[in-house]
Amino acid sequence: MNFWWFLLISVLKIAVVLFILLTAVAYTVLLERKVVGRIQNRWGPSRVGPFGLLQPLADGIKLFLKEDLLPTAVYKPLYILAPCIALACALTSIAVVPFGADIKFKGVDLFDIANINIGLLVILAVTSVGVYGIALSGWSSNNKYSLLGALRSSAQLVSYELALGLSLVGVVLRAGSLNLRTIVDVQATHGALSWNIFGGFQIVAFFIYLTAAYAETNRTPFDLPEAESELTAGYHTEYSSMKFAMFFMSEYANMITVSCVATLLFLGGWSSPLGHLLPSFGPILDAIFPVLWFVAKVFFFLFVYIWVRGTLPRFRYDQLMGFGWKVLLPIAIANIVVTSLWLGFVKPL
Amino acid sequence: MNGSMTVLRILPEIIFTITGVLIMLVDPVMPREANRKPLGWLAVFGALAALVASLYQYSLPDGTAYFGVVQTDAFSVFFHVLISGIILVSALVALDAVHPDTENLGELFALISFGAVGMLLMTSGVELLLVFIGLEISSISTYILAGFRRKTAKSPESAIKYFLLGSFATAFFLYGIALTYGATGTTRITDIATGLATTHDLPIAVVGLAFIIIGLAFKVSAAPFHLWTPDVYEGAPSPIVGLMSTAPKAAAFAVLLRIAYEAFPQLQSHWMPLLWIIAAISMTLGNLGALRQKNVKRMLAYSSIAHAGYLLVAFTVLSADGVAAASFYAVAYAVMNVGIFAVISHAGGYEDRLTLIEDYKGLAYRSPLLGGAMAFFLLSLIGIPFTGGFFGKFYVFASAIHAGMIWLAIIGLINSGIAVFYYLRVLTAAYTKPLDTSPVLNVPRASFPLLLALFLTVSVTLILGIAPDRILKGARNAAETFPILSSQQPPLNATPGAPSMAELSHKP
Amino acid sequence: MVPIAYYLILSAILFSIGVGAFLIKRNIITIFMSIELMLNAVNLSFVAFANYWNQINHQFSGQIFVFFVMVVAAAEAAVGLAIIIALFRARKTLNVDQVDLMKL
Amino acid sequence: MLNGSILSLITFLPLAGAVILALLPRRGRIIQWWALLVSLATFVATLHLPAHFVYGQSGFQFVINAPWITHPAIRYHLGVDGLSMWLVVLTGFLAPIGVLVSWKAIENRTKEFYFLFLIQQTAMLGVFVSLDLFLYYAFWELTLVPMAILIAMYGRNKGPQAAIKFFLYAFIPSALLLVAILWLYAKTGTFEFTHLQTAIAAGGLGPQALFWVALAFLVAFAVKVPVFPLHGWLADGLTQAPTAMSMVIAGKLGLYSLLRFNLGIFPVQSREFAPWMIALAVIGIIYGALVALVQRDMKRLVAYAILSQVSFVLLGIFCFSITGLDGAVYQIINEGVSGGALLVLLGILYERYGTFEISEYGGLSKRLPHMATLYIITTLSLIGLPILNGFVGEFLVLSGSFVGHHGWVVAATTGVILSASYMLWFIQRVFFGPPSTMVEEKPGIDVNFRELATLWPMILLMVVMGVASSYWIRGIEEGIRPLANAPVTQPMAQSHATSLPTQATLRKGRQ
Amino acid sequence: MHLVLFFIFGGFCVAGALNLLLQRHPINSALSLIVVMTSLAVLYLLLGAEFLAAVQVIVYSGAIMVLFTFVIMLLNAQREERTHGSRAAYILGFPGAAALFAILAFIFVQNGKSLGFVDLSPSTMVGTHQLSEVLFRNLLLPFEVTSVLILIAILGAVALARHHEPPRNQSRPAGKEQR
């Protein structure tokens, strides 16, 4: 493996993935506005471009050009640092996500930025750092709504991270590895039947993961940190223009990451639901089809995100904490016990 | 490996764990208004069962379990019995001292039981990792217990001081382990000695050992690492102080003994002077500090520093006698200290009504029983004959003198002379006539659990003072589990009779 | 190739800074943080030594030690911060110099 | 058969009594009666000793020797010889007197008082009969505790301070004593008195180290005696203590220990100390007498009188002649009896008038003739009038020590004269002359039956001991002979040859 | 390459630690500590401990330090003021830390040769499999015992940080009035 090839391909991969991710973020926003609009029986954005498809661009330009307000009372270094942390963490975690089959060019993986043994842990690690963005923004704003939002979000993140991490243990147990590719490979044998959600009997874990992940990304019904009705805009009340946009982008980037992880861990990643029923279509198509499968599954999760937002009301704060600690956590632990018993005594599929 | 045997080697720990879990399970099920006393009794019976289990462990053959992580031998079982006993008495004391309505009684007893698990593991663990975790379990549970009296301002203060300095010490302890591991490539206490023999990095091991000793010196509150002790004792609830001034210390001493004698016998020449100095400073600073205290608990805190010093004297002796003396002293000190804190926590109550020495004026008039018990324990602390404290000091200094460390013994004895001053102040206070306004007049009657606790402590102190043979033999067997001590010099009393000239001729 | 001693010296630097911070800082939370710094320094030397011994006899219990230290640190943090909160409720201050109801 | 267990019986009878006493109800005078019963029983038991003592047989008798603690080798080894036998009897004799004298004086907290009193008895008896150094030390320390508590609880207004002073004075040198004992054990492997004697006589232990060890012994005992510069606790302790305790606070324990252990174990070293000790003794005699002369408080007066008296004993001890030692031991007993009697009398007086100020009294003899008689007899005994016991002791001491130390003895004789003057002046001021206002106002009752029962035995003893001294001396002589320089005037220089054990110790060693 | 990375991240560590020491506001200290911890994670990677690197970030940066910042925010901790005590601490603290460092650095430099170099060949990499084998076999008991530790921590944190409930006997009459 030539070092220079490695460097070149890596830089290219990063550029492409970042571009796709940011575009996806933009269009997820649009998707959300559209879908929620339809759920609420209205049109959503439809003026800019055909079907409002250029709306994200317009929004971006607007946010970029707006005056960058810096309130006097804020604690400046952290105020500026916070959105950067949030966005950086959101974008970093995609680095270990494999989104296509294991195909190498000049000895370098094509369909992921980095394939490391402990990919799952890296994702957890990076997302767990992401909380600082929110916490610090709330604190440095020197505003009680912001602070409350930040406090809520840190508490919420810490509580739900536990359930989230535990829900993944079953998957790891089945694969016997923390490498995301291995995890997907385990699920790839019999198509949808061997996906963790079905074949791995991880359906409970799947729902725990989904719930906890919604809370992790501060999405409805767990969007307490930015609950408009009680906290104005929560932790980013004092933010405007590009800094606000960074928070916004990080939230959606996180959604995408979460969806990717859910896909990888529970829905068999890039593997086709039909497994080996589909014949091979030649090397090029064999490389492209998995990516399409992957994108489709991620899209499904994003849709569910928006769907849930349009459907469910928000929790009360104590309910949220109680739910996390008293319901999700015990179930997650029970799931681990059952899974390990099952893996220990019954032959896994 | 025999499966049932494996479990038996950690039987007392298991019993304490189960007790703690049971308490935690029962506590929320009980109605809010219900009296939490039964939980206390649960802890008492748990401790009793653990005590029995520890005694039972004497019948096990020496050996290790769980891949050589724990070892039951005469040494660890000796300390198992001691610690279980302390927990038993402390639970009895806490039973009535803590008001059942106002405090989280269930949590208190659960913490006591769980903390005991850590202490027991410290004594039987031969893997430093396990020792470290045991140390943390016992430390963290005592940090919490120290801050349990949240309504007062002093209790959280004592908890935070204890916590910060304790964690600081933990970091040193841990760094010491890291360096030892670096030098020897193992964290198994039994293997370190062999590792040391072949290491290229002896200086690293020496510094590691120094750090381990510093860390443990903090835990046993030996000077100059004692600064936390008075504050913590003053602020923490009295029934807890009785516990935390004895059981974790005994465990830490056990660890220190094991590490010094089993892991680092080759470095004797390094740790001996270090412990010598620590012992001398502890005795002196402890006693001088105690002299100017007005608060009884602070005074006892300084006295416990001094007692740690006496105990360390025996450490430096490098013989089975010394280790036996140290173990014996640990027992004697634990019993009398638990006893005196039983009196204090009953007289002062959970709210610490009686803080100053003056407040104890007339205790013997108000309640001859409490006053008498207090006098008895104070006399034992002074080291009056026919009490455990006397034999403890006696063995310590006898072994020191036998090892030729007359100066250390003299420092110790001068110190125990100084100590008389402040113990006597309490004693005379208890035996002077109370005024009509003395707070001591509100001291409640002794309750059954307290009577039981006092009976146990007094009788054990007396047994230690009148017929210490069995316990000393236990301590000696314990000492001889260390390979370097097992076949050392013949015991002190070669023959009860005229000594031979050869024996007399080896002079210092 | 990096000498292992470099890592050890780095850990010594961090540990010493931790000790210094423990002694110098006045805010209880910061003091607690300096303890965490010390623990991290210890962890670094554990990992470095683990690498060394792994080369010699494939024995890497240093790494496992680090794992346990992290668990312990987490437990300690939970308890320590709870104590700090209790203290703040009782005393309305986080300065160690004002936490002085009891004098040494 | 009884001879084998009599010492255990004597020693632990009061303790058993104390334990039972703790369980008795606090009603009426049950506790006093019980204490009296126990102490009388103890006294009767002690009488067994002189009755069955085999005179002319050297060494210890009534020996019990059983292992107590195997490691280190501590033995339960009791025994008496002529030296300690009479002290045991004396202690037993003073016990019921102590109870009787406290009968009225101690009204509150009687249970605690008698409980501690009886424990004190056990401790003192234990000191006299222990032959294992460790056991001895244990009892020695134990004597401090009940004493200190009793002074603190039942003393006069400054009881607690006096108790602390007493305790510290006694305890700190005891710590040194313990070091010394432990050192001996470390070197010889035994705590037993006789073995130690042999071992040290055999040589092999460095003379330098032995000197320090002996000094530690000496200091510990000297404080308890008390010897002149170490007497700081005496006046306060004795003044504050209740009568029953002030009777036993000074003198016999320390002096006995000095004789038994310092002279017994370190014959060579004691002789090295002797010149100093004699000097201190004479200074003590004169100093005590002079200070007593100017006291205004009766009890302080008695305290300094006692200092003077015990210094006399010291003089007798450190001349190492058989006569002198005889006199010293005899004087120890005298001090117990006569000094005790005087203190009882003071207590009786205090019960009536509530003060120890000499100046408050005057002309009592007209009101209380019986009491005056008793006072005078006791005083005469103390100042050494022939036919009373004091004379025998003082005479023996002076004649025994005169041989080697003319100058000192002459000086000491002035102490005798001084003692006569302060005692008689004291009697004169209190009992004669015009009655003081206080005596006028308070009627005062003469000695009652209980008090007579307390005092007459003592008076009787004074006379008997003064007349039939040989009955006591023959036992004492048996005990002290090994301690003395065998030829009465052995030159001091010879004993400096450290490697050569003295003849006395050699003889001991052969047994 | 590794040496460069070591110096970069080692430099981050030291800078972060010093910043912790020098900053007066707890939140800045906390952030510097996070920098130290995250850089340490990278150093762990350089030492071949990838699992620990991830756990380091998750546990330290992601959980423990979040708790710290959370508490700092909750208690609204302010800049620490210079007090009398702090001057004494400076006098004691700097020399103490310097002496400690001198000793440690001395022994490490002295023994540096025998310790050799970091080796990252595949045979010395410690994977999760190997770790778990040791952890769940040889060190099973310590692992189980940590559960007691965590239980204590939860129990204690709850017991200490919980607000005071009103005494039970007082709340009863209030209930009666409502009825």
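As written, the chains take the letters A, B, C, D and E, and residue 1 is the first residue of each chain.
The rule is simple: contacts are C-beta pairs under 8 Å (C-beta built on N, C-alpha and C of every residue); 3 or more make two chains touch, one makes a residue touch a chain.
Nothing here was measured: the structure is a model prediction, and the numbers come from that model.
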Review point. Cut chain B out of the contact graph: what components remain?
Key: A, C, E | D
**Study point:** Between chain C and chain D, the fewest steps along chains that touch one another
**Key:** 2
Check your understanding: How short can a chain-to-chain path be from chain A to chain C, counted in steps between touching chains?
Key -> 2
Point to revise | Which two chains share the largest set of C-beta contact pairs | key: C-E
Check your understanding: Nearest chain to the global Cα centroid?
Key -> B
Practice item. Please identify which chain has its centre, taken as the mean of its CA atoms, farthest from the centre of chain A. Key: D
Practice item. Taking CA centroids for every chain, report which one is farthest away from chain E. Key: D
Exercise for review: Measure off the straight-line distance from the CA centroid of chain A to the CA centroid of chain E, and report it in whole Å.
Suggested key: 27
Exercise for review: Between chain B and chain D, tell me the centre distance in angstrom, where each centre is the average of that chain's C-alpha atoms.
Suggested key: 42
Exercise for review: Please compute the C-alpha centroid of chain A, do the same for chain B, then give the distance between them in whole Å.
Suggested key: 53
Revision key, fill the gap. For chain C, residue numbers touching 2 or more other chains are 8, 15, 18, 22, 32, 48, 52, 61, 64, 68, 72, 75-76, 79, 83-84, 86
Exercise for review: Scan chain B for residues touching two or more other chains and write them down.
Suggested key: 129, 133, 136, 140, 143-144, 147, 150, 156, 159, 182
Study note, to complete from the structure: Within chain A, the set of residues that touch 2 or more other chains is none
Revision key, fill the gap. Contacting chain pairs, sorted by label, are A-E, B-C, B-D, B-E, C-E
Check your understanding: What does chain D use to touch chain B in their complex?
Key -> 67, 69-73, 75, 109, 111-112, 134, 137-142, 144-145, 148-149, 152-153, 159-160, 163-164, 167-168, 171-172, 175-176, 178-179, 182-183, 185-190, 192, 195, 198-199, 202, 204-206, 209
Point to revise | Residues of chain B defined as touching chain C within the complex | key: 129, 132-133, 136, 140, 143-144, 147, 150, 152-161, 163-164, 167-168, 170-171, 174-175, 177-179, 181-182, 185-187, 227, 230-231, 234-235, 298
Check your understanding: Tell me, which parts of chain A touch chain E in their complex?
Key -> 78, 116-118, 121-122, 124-129, 131-132, 135-136, 138-139, 147, 150-151, 154-155, 157-158, 161, 165, 177-178
Check your understanding: Along chain E, where are the residues that touch chain C in the complex?
Key -> 2-3, 6, 10, 13-14, 17-18, 20-21, 26, 29-30, 33, 36-37, 40, 43-44, 46-49, 51-52, 55-56, 59-60, 63-64, 67-68, 71-72, 74-75, 77, 80-86, 89-90, 92-94, 96-98, 100-101, 104-105, 108-109, 111-112, 115-119, 124, 126, 130-131, 134-135, 139, 142, 146, 149-150, 152-154, 156-158, 160-161
Review point. Contact residues on chain B for chain E in the complex?
Key: 10, 17, 20-21, 24, 32-33, 65-70, 101-102, 104, 107, 110-111, 114-115, 117-118, 121, 127, 129-130, 133-134, 136-137, 140-141, 143-144, 147-148, 150-151, 156, 159, 182, 200-201, 203-204, 207
